[in-house]
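First, the structure itself, so that you have it in front of you.
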Amino acid sequence: EIKQGGTLTVPIINTGFVENFNPYTSGGLFEGVLYEPLMVFNNMTGNVEYRLAESAEYSQDLKTITVKLRDGLSWSDGKALTAKDVAFSFTMTKATPAFDQKAIWTTGNLQSVTATDAKTIVFKLNNADSTFIWGLPKYHILPEHIWSKVADKDLPTFTNPNPVGSGPMTDIKYLKPQQMQLCRNANYYLPNRPYIDCITFRSYNDNSQVQPALMKGEIDWGSNFIADIDNTFVATDPKNNHYWYPANDAIHLYVNTKEAPFDDLNVRKALSMALDREEIVDIAAYGYPTANFNAAGIAELYGPYISKDVTAKYKDITKFNPEKAKQLLDAAGLKDLDGDGFRDMTDGKRVEFDINVVNGWTDWIQVVQMVTEYYEEIGIKANVKTVDWAVYDSGLKDSDYKMSINWSMVATNPIEAYQAYFSTSQIGKSWHAGHGVHSPEIDALIDSFGLTNDAQKQQAILDELQEFTAANLPFIPLFSNATWFQYSTAKLVGWPSKENPYVQPVWYDGGKRNLIINNLHLK
Amino acid sequence: MDTTNNPEVVLSVRNMIKDFPIGQSSSKNSYMRAVNDVSFDLRKGEALAIVGESGSGKSTGARVLTRIYEKTGGDIIFKGKPLQQYIDDHGTLEYARQVQMIFQDPFGSLNPVHSIYHHIARPLLIHKRADKKVIDKLVYELLELVGLFPAVETAEKYPHELSGGQRQRVAIARALAVDPEVILADEPISMLDVSVRLGILNLMADLKDKHGISFMYITHDIATARYFAEKTAVMYVGHMVEWGNSDKVTQTPQHPYTQLLLSAVPEAGQSGRRELGAKKGEIPMWKPDTKGCPFSARCPRALDCCNESFPEVTQIADDHFIRCHNI
Amino acid sequence: MSFLLRRLSFYFTAFLIAISFNFMLPRMMPGDPIDALFAAAQGKMDPAQMDAVREMYGFVDGNVFEQYLSYMQSVFTLDLGPSVLMFPIDVTTVVGMSLPWTMFLALGSLIVALILGVTIGTYSSYRREGFFGQFVPPFLAFISNFPYIVTALLLFYFFGLQLELLPLAYTYDPAIDPGFTLEFIGSVAKHAVLPMGSMILVGIATWVFNMRNAMINVLGEDYVTMAEAKGLSSFRVMYRYAGRNAILPVATAIAMAIGFSFAGSIMTEVVFNYQGLGNILLKGIMARDYPLIQAILLILVSAVLTANFVADLLYVWLDPRISK
Amino acid sequence: MKEALLEINNLCVDYVSANGVARAVNNVSLTIAPGETLGIAGESGCGKSTLAFAITRLHKAPALISEGEIIYNGRDVLKMSDKELRDFRWNDVSIVFQSAMNSLNPVITIGEQLTDVIVAHKRISFKQAAVKAKELLGIVGIHGDRLKSFPHQLSGGMRQRVVIAIALALEPKLIIMDEPTTALDVVVEREILNELYDLKEKFGFSILFISHDLSLMGEIADRIGVMYAGNLIEIGDAKTVFSKPSHPYTKGLIASFPTIHGPKERLYGIPGDPVNLLRLPTGCNFQDRCADCMDICKKEDPLLAELNVDYHAACHKL
Amino acid sequence: MNNSITSDANAPVPGHKSEFKKKCHSAWIKTKAFFHGNPPAIIGVSLMTVILLGALFAPVLTTHNPEKRVARPHVAPNAEHVLGSTRNGRDVYSQVLHGARKSLTVALFAGIIAMTIAIAVGVTSGYLGGKIDEWMNFVTNVFLVFPQLPLLIVLAAFLGQVGSMVITVLLGVTSWPWGARVIRSQTMAIRNKEFIISAEVMGESKIRIILVEILPNLISIVFGGFLGTVIYAMGAEAGLGILGLGDATEVSWGSMLYWAQVSSSLYTGAWWEMLVPAIALALTGGALALINMSIDQVSNPKLKTGPHMKLWKKMNRETMKRRGLL
């Protein structure tokens, strides 16, 4: 027996709420709340959770996607939600490139979106691409009868007053700079859903303020780093205060293999072996993330896709083994020539490099600080270099770094991560491609992924990519970030948890939170 | 009165004018004339006293002479040469050496952070009067000359460790250090104890008589003017109204202002109310285009013409001059 | 009158210089808002989209001089464009939302600190030899040297978190509707206690010392002794004869203190999540929200200039000796 | 001699400083009769102002009235309570400060400075006080419109008169005037003196007149006291002090003033410098500067001895 | 006259050999007098001495490398780590000593830069007057009314990660106007003093007048202003540090506070990580403020207090008793 009612309170880190309900410019505040996605790709279960859509099918040549909507959809104002609305929503972003989240128009692969009948939308692509569909949930489905009234040029500044949506919460109860409340959509397409009545957003400056709010029970759902959570949060109410930190994106040290001595694979291996990942996770990150011993460039987040063989084959590289690291370095000709405790190149110049990290990203700074300490043990002089975001950003893109800490992509499928890692077309554009390991074969391999819809073939491609990554080691794996997720069962239950991992509990992902909001109910 | 070429005359001033700007605008009337049409000669070894009430332009005159202020008009002739020419020929520093000034305030005229030694030694060094090596001796001699004993100890002291009279002596020694021809003493005793005043006056008198230094002695105490100076000039609102031999000016004053001044001086034994021979009135602010005699508003003997023009100089006795329409 | 005119022209020139500087600032520095937006999105944005977004926010290069002209125009028309951080809301709206709170916090704490400081300063100089005069000023000197943030954090921790006496965040309880109700005013007051308290603690010593020094100078003046000789009550002597004059040098410092008070409020607002200018300024800086930063600096400069001007007027009014 | 209005007995005032205790007024005894003008002369720093301050008990730390009594109409000022003292001040004794021009508060109108003393002591309204204030200004020759002026808007002489007007406000029996005209021009000084003569005739108060200008003193005072280094060294009627001074210091002092009319001859003044109060010699304070110094002068402090009826001096030679 | 002065000018004279000694002696006397009966001075100077010594001898006094992980995170104070360890496992005691070096260096140099500019501008403007003064005064006022700290925050943020060097310079070049104004007005007061005019009349050069005649008279306000700037700079450095605008990898009090804050040390009960640098800052600031206060007491004669006040109180009580008023 599930009770209806109750309010969910969540913290939002921003500068206060303003009257802007344009889903593209309001910082993702309303995705999955005011606006229902077509579907959600659930990486935790590997399932596709269809929401507004009932199904989505690729044609045989992978050049057409046919999306069918559910029956009886309607907008919160009672008007019917049809395929025309969906087609409009996608076409609209063509005129407004800033809304074109996955650049489906700007990069030119999408030919057209058409509503063939009231329930069917057909996407026509220029080239076969089985990964295209993953981008669809990023586009918001908007009511044509409102949005078509806005001139194209005004769309970016359109604040969408009195919003009409299809999500679970569409009724704006109030909006004050520090707090706003949305309540249930009377016309929601799922019966009895959502169970809860309202959702309250509270504005906070940063994590350090969310922490006391959690401790005082002012909020139900935290998505923030909380220091010493067992003592500060769980201990205040052990029965109701919980957290679950499943793995998220993988953090690596990116190495610029174009520069000596990093051009030597053995040196990279040594730098990897020198690190005690467990300890780093434990100290620098309170033990919340999971150490990553997979040299293949992906980690726990993509669990089902990880090749066990590759992991096993290269496991030595990620094992903490300073002695072996020293041997490798000796063998590579990096020896301490002047007796200062640090290794020198063969020409006598000390091996010394900076590890770039963004100023203010303290968890990473701590990680890098620990890394430098480990490197010092094996005689390598590395310095923490905290830089402004702009510098960090252009450094990664322009390959202007020796070593830089960075995160890998969070995507529906690891192929997107590999695309970013190795596609030659990504050099100078993405942060992940500046390391210098590329080859035409790999490019072709990556491209071939989108040309098939066969899961086994796709896995084979992924295996090959994993092997390639581990063998070349352009990234020194460190750990998988934790998905920060604290929740209180004092009022509401139905949370995803270790026991019931029905979705990765990411607040900032509209689809995932949509699933959770639909699942929460009074105790 | 043309004594410009008289070798005895060291410094001679002719029709000196000094205007000060008032306010921001620069129209003619936004100036005040602090010194107007002042002329006098200063002879070697002779003292000229300038008396007059507060704000009558006494200090301003002296400051123009020491080139603290630029003159607005008139001529200053030093040692037979116009001042500018003298400076062109001999340099600013030389003129600064020849014409020294003693300030009114013995407490303000010595730098509290420097020892007495510094004060005396600096002028010697600036004007290269002595070598660094022998400078000590000169300093002590000077201190002894002005009666500061024991010189060595005094030299090491700081101004705050000296009494007012001693400080004023230091100021005099400092002026003497550069061997000047002229000393402009701006109310040198007004801030001193009654009992030590006379000491300073006597010291200056000695310097004048024995060393031939010329003094311009500024004061508003007419009795000390008579005591110290051979000549006295009485100023009123920037104008010289009566001047000449000190005794004549003080004993037989002819100008109504001088008479007023003298009648106001308190005197022991003359108890009781003493009527002043002048109307009450505020001292006017003199502007470049103000007409008439500055004293006319308060003058008991004022004539019609007193409001029209400034009176010409009249010699009323040997070495006794006056500017008044109604003699 | 010409005195005020001259001051006015000074303020105007200073203002022009300030806003020109304001214009140059972002253009001299590396990075732009879109980069920052990207950093915040942590890769969830497609790089291909960046230029489009840049255009949307209006960050297109152009002739610097033209930019300057349009900037100047925007300053004087108060039309500063949309904020990046809260796109597409106008900077003016954003600022208008937070300015009152910062004014309340900065001016309120300044006034309270001023009143307390002046009172303590007056008293401690009057009783200079006593316990109060000997110990209170040094003690305050000590207290006020805790950095703003530390004082704020400590208060936050003890009163907000540990004792749970006072709220931890916001300008008022979000459950209450703003209005001229007792409940709302009470809530505002309650929420202001900690942030203001920390600013007052930090600020008070300045006034104590300013006032004390001024008082001690004045207490030696003849007119104070004369007032005593006249047999006036010591209250009247202390306030009418000594305090009245001692406040003069303090008055000039007030204008200056407004700048400091605003600075202090930036720090405290961050700690107490107080919805003021400082809070959004810091966020704006992180996000490279130039329009917002420029607007806030503009306001700060205008506020300080206005305060100075008011202080000038105040001074003229307080001190009859200044030519009118 | 009439009943004394004010009687000072063995008054001592000390300044406690970091370098020691300086006795600025040492064992001074004197009386002032009703309607009398007593002049106190002596050079700078001899303790004249200190004495004046002591009479209304205005001294604050580090000054201390350590000995003696000040009897006003039979009451010892030094034993009054705060309230009594407040009543006594200005009602009975008012004081015109040295540099009186600076004793007006620059930011308060002279009107208020006049009225508040009246209101503080009398049960009348400010309005009535203002009428009285206008009257007072008229008495010292200033137009009543000036009530609204600030001190800086008046000339030095006018300010001096305002201060005198304030001193007269409650028609006290005794007015202490501490060098009331030193900073002024002779002409203005004369005007004020004339005013003072008139006022005294009208109100009949006593004056304690302090100055270092002996000529002025000789003119205004009935009796003159001369102080040196905190001691009263000579006191008697003005004429005698002037024409036949007894103490060598007084003699020197009188000889230090060049006159306008007398014969012009070299004067010698007093050699040496004033003594340092912190390092007083044993014996007579004047010994170092005295031409007739004897052995005893170096050992014993001379006491004030009555030389004549109502004429005292302190010197071993006498 | 001429002769009397220069006659035997060549004869050797006992020189001013003892002058140096005397100066030292009088300096000693002055120092003693400064401290005597001046508790703020005693407390302030001793505190500051301890802090300075700690900073100076930090390498000797510290027990651990401040930039190395030497303990488990957030170890409470114990024998091994007297002030506990940070979240990053660094020794707080060692950090606070080393941090003192950085923080004090920043503050001192910022103070020096600011005071140098302030003196240059203030004295020149005050002494020379006229147009130069007008311009300099204008510039000073413009700088003065600029809201400095917000500006600093913006600047620091725009410069990206700023090391202590940049902070020093930023603080230095933005903190001078107040000092310049005070110095200017003091200079204007001194300029019209007769000893300056008489030096001018004597023919002293302008530069000598500024340096030798005017400047020494400003020592106490210069020093006071310097201390004020140092206090301010220290607080500002810490403030910028806490806001994350400084270089978090340097060890300074600001960065210590920053780390203490980001690791929520107060919430997690690791008060030492936050309080130690905070108290260090407050103590240093307080000590400097006390010194400043005591300088005020010396330079302003009206403020003078001292042991004699005790004597006065005693004497006062006795006389009061004698008169029966107590």
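By letter and in written order, the chains are A, B, C, D and E; residue numbering begins at 1 in each of them.
Operating definition for what follows: a contact is a pair of C-beta atoms (placed from the backbone, for glycine too) under 8 Å apart; a residue touches a chain by one contact, two chains touch by 3 or more.
All of these numbers come straight from a predicted model, not from anything done at the bench.
This structure's chain pair with the greatest number of C-beta contacts is C-E. Put simply, the C-alpha centre of chain A and that of chain E have 50 angstrom between them. Centroids of chain A and chain D (each the mean of its C-alpha atoms) stand 92 Å apart. Taking the mean of the C-alpha atoms as each chain's centre, chain B and chain C sit 56 Å apart. The distance from the centre of chain B to the centre of chain E, each centre being the mean of the chain's C-alpha atoms, comes to 46 Å.
With touch defined as above, residues shared between interfaces to two or more other chains in chain A number as follows: 212, 215, 360, 388, 390-391. In chain E, the residues that reach two or more other chains under the touch definition are 160, 261, 267, 309, 313.
Touching two or more other chains at once are residues 30-31, 129, 161, 270, 286 of chain C. Remark: the chains found to touch one another pair up as A-C, A-E, B-D, B-E, C-D, C-E, D-E. On the side of chain D, the complex with chain C involves touching residues 56, 58, 61, 85-91, 94-95, 97, 99, 102-108, 116-117, 120-121, 150, 152, 166. Per the touch definition, chain D reaches chain E in the complex via residues 14, 16-18, 21, 61-62, 64-67, 76, 78-79. The touching residues of chain B, when paired with chain E in their complex, are 66-68, 92-93, 96-97, 100-101, 103-105, 108-114, 117, 122-123, 126-127, 129-131, 133-134, 136-138, 140-142, 145, 152, 155-156, 171, 174, 176-179, 210-213.
Taken together, the chain B residues at the contact with chain D in this complex read 53-54, 163-166, 193-199, 202, 205, 220, 222-224, 226-227, 247, 250-251, 260-276, 278, 280, 282. Taken in their complex, chain E has these residues touching chain B: 1-2, 4-6, 8-16, 19, 22, 193-204, 212-213, 216-217, 219.
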